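Note that the chains are named A, B, C, D, E and F in the order they appear, and that numbering of residues resets to 1 at the start of each chain.
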Amino acid sequence: MHIRVINPNTTSAMTETIGEAARRIAAPGTRITASQPSGGPVSIESHFDETISAVGVTEEIRAGENDATDAYVIACFGDPGLLAARELTRAPVIGIAEAAFHMATLISTRFSIVTTLGRTTIIAEHLLEQYGFRHHCRRVRAADIPVLDLEEEGEAALGRIIDECRRARDEDNIGSIVLGCGGMAELTDTISDAVGLPVVEGVTSAVKLAEALVGLGLGTSKYGDLAFPRPKAFTGRFEHLSRETP
Amino acid sequence: MHIRVINPNTTSAMTETIGEAARRIAAPGTRITASQPSGGPVSIESHFDETISAVGVTEEIRAGENDATDAYVIACFGDPGLLAARELTRAPVIGIAEAAFHMATLISTRFSIVTTLGRTTIIAEHLLEQYGFRHHCRRVRAADIPVLDLEEEGEAALGRIIDECRRARDEDNIGSIVLGCGGMAELTDTISDAVGLPVVEGVTSAVKLAEALVGLGLGTSKYGDLAFPRPKAFTGRFEHLSRETP
Amino acid sequence: MHIRVINPNTTSAMTETIGEAARRIAAPGTRITASQPSGGPVSIESHFDETISAVGVTEEIRAGENDATDAYVIACFGDPGLLAARELTRAPVIGIAEAAFHMATLISTRFSIVTTLGRTTIIAEHLLEQYGFRHHCRRVRAADIPVLDLEEEGEAALGRIIDECRRARDEDNIGSIVLGCGGMAELTDTISDAVGLPVVEGVTSAVKLAEALVGLGLGTSKYGDLAFPRPKAFTGRFEHLSRETP
Amino acid sequence: MHIRVINPNTTSAMTETIGEAARRIAAPGTRITASQPSGGPVSIESHFDETISAVGVTEEIRAGENDATDAYVIACFGDPGLLAARELTRAPVIGIAEAAFHMATLISTRFSIVTTLGRTTIIAEHLLEQYGFRHHCRRVRAADIPVLDLEEEGEAALGRIIDECRRARDEDNIGSIVLGCGGMAELTDTISDAVGLPVVEGVTSAVKLAEALVGLGLGTSKYGDLAFPRPKAFTGRFEHLSRETP
Amino acid sequence: MHIRVINPNTTSAMTETIGEAARRIAAPGTRITASQPSGGPVSIESHFDETISAVGVTEEIRAGENDATDAYVIACFGDPGLLAARELTRAPVIGIAEAAFHMATLISTRFSIVTTLGRTTIIAEHLLEQYGFRHHCRRVRAADIPVLDLEEEGEAALGRIIDECRRARDEDNIGSIVLGCGGMAELTDTISDAVGLPVVEGVTSAVKLAEALVGLGLGTSKYGDLAFPRPKAFTGRFEHLSRETP
Amino acid sequence: MHIRVINPNTTSAMTETIGEAARRIAAPGTRITASQPSGGPVSIESHFDETISAVGVTEEIRAGENDATDAYVIACFGDPGLLAARELTRAPVIGIAEAAFHMATLISTRFSIVTTLGRTTIIAEHLLEQYGFRHHCRRVRAADIPVLDLEEEGEAALGRIIDECRRARDEDNIGSIVLGCGGMAELTDTISDAVGLPVVEGVTSAVKLAEALVGLGLGTSKYGDLAFPRPKAFTGRFEHLSRETP
C-alpha cells in the first residue's frame, strides 16, 4: 500500500519529521511518501496561511494520482483543502485533525485539544463543529508556541506543551488529549508519558485510518458532492488546472 | 494481534457470519476470535433485547481479558454495553455502529442508514446524537426485515435491502450508505455493486479501526470516567461480579 | 393507585430510604411498593454497574406486571434500563433523572446538577443530551462521595453535598439545583434549607409525575418503538425471557 | 389546592371549555378557577395576539395572588407571558405547550404536534427550541382551522384534526401526538380513540403538573432571573403596575 | 428615508439619548423619529417589564404606519415585541439585540455581551438561541448596573462597564464586544477606546441595518407567519385593536 | 466610500453583471470597483474550484489595500477565502452567502435557498452551520443549472430558477427565498415578482451591509484570531507573499 503524507507547509524539516512519524507507525506492507508543496508558507498559523497551503495540497494530490497512491494524509491540523482534495481522487483522503478527533472519541468520552497558537484555536473549533465533535471536546487550549519553534527550540517548546497538557488533565474532566499540530508528531510518546493519560496525535492516527479504509476497499465517494469536478477552463497562472470534458 | 469479535446475540449462525466477515477483512497478522454470550436473545430488535444482550457483552469482555485480547468489537448495530465494556479493559472496544459512522464521514459528507426494523431506527438516532453525527446522517431507513430473516430468507431479504438502499441513493442527497445490522456483513459487496455508491458496514469497519488503534498503541483511557469500576459487592446471581479492592 | 418504585441497586437500606421518600410525597390514594432486584450491584457508580442493574430493573417491571401496578419509577439517577422497561408495560415508567430535569425546568430557567462521583457526571451529560436539557443545565458537579457513604457517614456526606450546592448557587448563575443520586432523597429539605434555593430531587419528582400521567390516563405508547418486544427465543440462563407469539 | 387556569383569550365559551377539562382531570382536593382577562383578543393566532394576551395573563396572575392560588396554568399553546408570569409569584406557573411536551416525552421517544393554523407553527417551533424538545418533535402540523371554529363548527373541525392526526401517525414515525391548542381540550379522548395512539393535551397535562409541583413543595424559584421584578415606576395607563420598594 | 426608533421604555431622557445616537449615525437622507410608548415601565429589567413594554412597541408601530415610516428599530436589548411588530407592517423592523449580533459576527468570529443586570442575561441567552448565535457568543456578562443608573450616575456606571468589558477582552478569547443595553448607545466610542477592540452597539447597528434593508427594497415578508394578523375582535380596553375584515 | 466587489471567478461577463448589480444598489456616495482575479476558474462549482478561487480573492484584497478600499465583498455564494481575507485588512469583508442569510432572517422567520447545482448544496449547508443559521433555513434547493448557463441561456435558466423558487414557496413553509449564486444578482426582481415573496440576493445584500459597517466605523477586528497574519516566509511561486516583521 502506498500512502502519500502531504505536509501542507514548505518546511522540509517538518516534512521529514512527519514522514518519520508516519513510517514508524505504518504497517509492514505500507510505503510512505512524505511530500510538500513546491511553494507556500513555511508554517500554517492563520486562515490566510491555510488558504494558500490548500493550493499546494491539491497539487500534491494530483502528483499522487500519477504515482499509484492508495491513500492520502493531509498533515496540518486545520485539514486545509480536505474536501477539495477528496474531489480529485477515488482514494481516501484523511485530515490529521479529523483523524485525531475520531480516534480520541473511540478511547474516551471527552477530550481536550492542545495546539500551538491561540489564534488558531478558532480553526479547531470550526472543524469540531463541522465534523460533529463539538460536545466531545471540552476545551481547545493553546501553548502559545509558534509552529516552527517546535523544530527549533525543542526542549523549551516541549515543556510548555506538557505544562498545558497537564492543565488540561487536571482541569478539563477528560479522558484523552489531542495534539493540535502535525509538528508534534514525534513528541507524542514523551508527552503521553509525562502527562499520564492517552495522547492522540493526528499524523499517526491518519495513517492508520488510511490503511483501514484501503483495507476495507473504501475510497472517497464519487457519488454526489465529492465527485470529480466538472470540466472547466481555468485562466491565467491556473490555466494548467483546466479540465477537459472526459 | 488478537481481536475478539463479540456477537451480542446467541445465534451461532450469525456469529459465524460475523466471524467470517471479520477474518476476510483482517490484516495478515490479525487473529479473529468470534464469540457470543452463553445466554441471551437470539436476535436484538428492541431496547429490551439490547439491555439483556449487554450483560453477555460484558461477560465476553471478561472472558477476553483471560485470553490475551488486544481489541474488542461489539457486533450489534446498537453498540450494546459499549461504555460498560470499555470500563472493563485497557484494550480498545469498538461498536459497529460508531465504526460505520466514522468511516462513512471519511469518504462522504452525508450518509443514510439502512437498517432492519422500523422500531430500531430510534436506537440509531440516539447513537447519532451521542456520537455527534446527527447532521451527517440524512435519514435512518428500515427495510422492515426481522434480523434472523437475513440468515433464513437470504435472497428475498437482500432484495428488500437493495431496494431501500436505492431509494436512499435517489432521494437522500448522500454520498454513502451505512448498513444498520451486523447480520448484513456478508452482503456488503453485493449491495454496493447493486446500488453503485460506497456501502459502509460496521463489523469490517470496526475490525480495521481496532487494528488501527492497536497499531497506534492506543487503548481505552483508564483516566476519568472509563477507568476500571470501583471495588464493590454484587449480590444474588451476579455475586460473581463482585470486585475486590485491588 | 399503585406505584412501584424500583431501586436498581441491591442495598435494602437505600431501598427503604427511597420507599420512605416516595411514601411521604405520595398522594393519599397512592400505594407505594419499593422493591429492588434479587441480584446486582450494591450501588451504581459506573457504566458497568448500570448495565448489570438494568437487568434487575426489567425483572422488577415484569414482577410489577403481575402485581397490578399503575406506574413505575426507576430510582437511580442514570435512569438504567428506562427504554427497555417502557417496552415491557403499558404503564408509565419514569426515571428519576428525567423527572428531576423536567421539574427543574418548570421552576427555573437554568439549573445545575450535584451528584456523587466525578466519574458519573458523564452519565448525566449523556442523559441531558438525549432528553434535550443540555442547555438548561449550567454544570454537572460532583461532591466526590461514594453512593453508599450517603447511608454510612450521613453528616459528613451531607456537609460535602451542601458545600457543593452552595458553590453551584454562587458560581453557576442558576435558579435551582438537581440532586444527582436517589440516595439523597431524604436530604432534600435539609439541603434546600441550607442552600436557599429550590432543590429538585428525582424520586419524589418521579412519583408525582407518575401520579400525573396515571391521572391523565396516559401510559407508555405501544405504537412505534416502545411497543412490546417481538416474540423471540432467549437462550441459556435468560431462557425464561423467551417471548411466545401472543 | 387551588389552581387558577388562565385562558389568555377573552372568549368565555373557551374559558368554560378549558375550565371543564381542568375540573374533569383535577384531583379530588383540587379546586379549579378558570379565568380570562378583562380585555384582549377573542382568540390567539399570531405573534401580535400573543403579545396583547400576555398582558392579560400577568393581570390574572396578580388577581390570583390575592385569591390564595397554589399554582397557575396558562392555557394557550404559545405559553404567552410565561416567564413574566413566573416572576410575579412564588407559585408554579405552567404553560400548556411545555406541559404537553414534557408529558409526551415521558410516554414516547418522538411526537408530532397538530395545531390549528399554519402561521402559528413557528410559535411551536420557537418553544420547542427554547424548551429543548426540537429533536423529540418530528413535525409541527396544522389542520388549518381558525381557533374559534373549534367552538363553532365542532364536527367539521374535529374531522379535520383527526385527519391530520392520522397523517402524523402514518407518516411521522412517532409514538404520540400533541394537540396544539387549548380549545382542543375536550376533544382529546375522541381524537385518541379515532387515531389509535396516545394523544397528549396541554390543559389537562398542565393541571397535573401543577398538582405535582405543589405536592412536591416546589414553586417558581425566586433565586436568580425569575425573582420578583425590581421596584420601578410605570407610567400612563400602566401606572397601576408601579412597584414600590418593599 | 424615515426611520422610527422606538424606545420601549418611558424614560424620555433615554429616548433622547437613543434618538441622538441614531441621528449621529444615520445617512444624510435619513430622518429619525425617536418615540416612546405613552405608558409603560421607565426601564426594562425583567420578563415582566418586557411583556408590558411590548404592548407599547406595537402601538408605536401602528402610530408609525400613519406617519410614512420606512423602517422601525426596537431599541431595547431584549427585542420586545419584535415578531408582533413585524406582523403589523410591510416595513422592516429591527431589534437592537439581533442587530448587534449580526454586526459582531461580520467583524469577528466570537464575541461576548456586556449587559446591565445579571437577571437579564437569560433574555440575551434566549435570543442568542433563537437567532442562531449561541456558539458565536462566548459569554454573557453583567456589570450589575440598573438601567437608569446609566443616565443618572454616568461616570461610575461607565467605569464598571469598562471594567467588565476589559475582563471580557482578557478572559473570553473574543474579537469584539456587544453592548447589552440601548442606554449604552452614547458610550460606545468611549468604551471601545478604553478597551481596545471593536465594540458593537445595537441602536446604531439597527439604524444602519434598517437603511440597508430599505435600500434593498426588502421589507418584512407578508408571506407566511409574519403576514398581517387575521381580522379579529378584541375586547375591553383592547377593543380599539379589533381588526375588520379588509 | 469605496467598496471593492470581488468576483472570485474569472468570467468578466459575470464580473460586470455583479458590478452593475452592486452599482444599482449602492448609496449615492458609494463607489464600486468590481474586480476579478488574474487567474482561476471561470466558474465555481466545487470545493476544488473554491479552493483555487480563494487565492485570487486574497490577491484582490491585497490589491484593494493599495487602492483606498473601505470595504470588500466576496461575490461567490460559498464565501471563498472569507476568513483569510479578513485577516488581511482592517476593512470589513462580507461574503454574499452570509449577507443574504443575515438579511433573510431580518424579514422572515424561515427561508429556503435556491442555488445552481446539487453538488454545491453541501457548501451552503456547511456555511449555514458555521454561521448559525441551520435552523432558519428550511431547505437548500438546486435548480441544476451550471453557473455559466446563467449568462449564456438566460431565459431557460431563469425559468428553471423560478420553477424551483415556486416549489420552495409552496412546499417549504417559508417567508423568503435566498438566491444561491452571485450570477443571479440581476434576476432578483424578476424572480421576486414571479414568485410573490421576498427574494434575497447576496451581492446587493453584501454591498448594503458593507455600507452599514463602514457607516458604523466598524471594521474587521484586529484583536484575536482575525489579526494580521504573523511575519513569515513563503517559498516558491508564493514567495511574494512573504511577510516581513513590521
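Definition applied: contacts are C-beta pairs under 8 Å (C-beta built on N, C-alpha and C of every residue); 3 or more make two chains touch, one makes a residue touch a chain.
Note that this is a predicted model, so its numbers are computed, not measured.
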Remotest chain, subunit A as reference, centres from CA atoms: D
Subunit A and subunit F: spacing of chain centres that average the CA atoms, whole Å: 29
Centre distance in Å when subunit A and subunit C are each reduced to the mean of their C-alpha atoms: 44
Subunit B: positions in contact with at least two other chains: 83, 86, 109-110, 118, 121-122, 129, 134-135, 173, 224-226
Chains touching one another, given as label pairs in label order: A-B, A-C, A-E, A-F, B-C, B-D, B-F, C-D, C-E, D-E, D-F, E-F
Residues on subunit E engaged by subunit C in the complex (per definition of touch): 118, 121-122, 129, 134
Touching residues on subunit A, where the partner in the complex is subunit F: 10, 37-43, 45-52, 54-55, 58, 81, 83-84, 86-88, 118-122, 126, 129-130, 146, 224-227, 229-230, 232-239, 241
Residues of subunit B defined as touching subunit F within the complex: 109-110, 135, 173
Footprint of subunit C on subunit D - complex, ascending: 25, 27, 83, 86, 92, 94, 98, 102-103, 105-110, 131-136, 169, 173-176, 196-198, 200, 204-205, 208-209, 211-213, 215-216, 218-221, 223-226
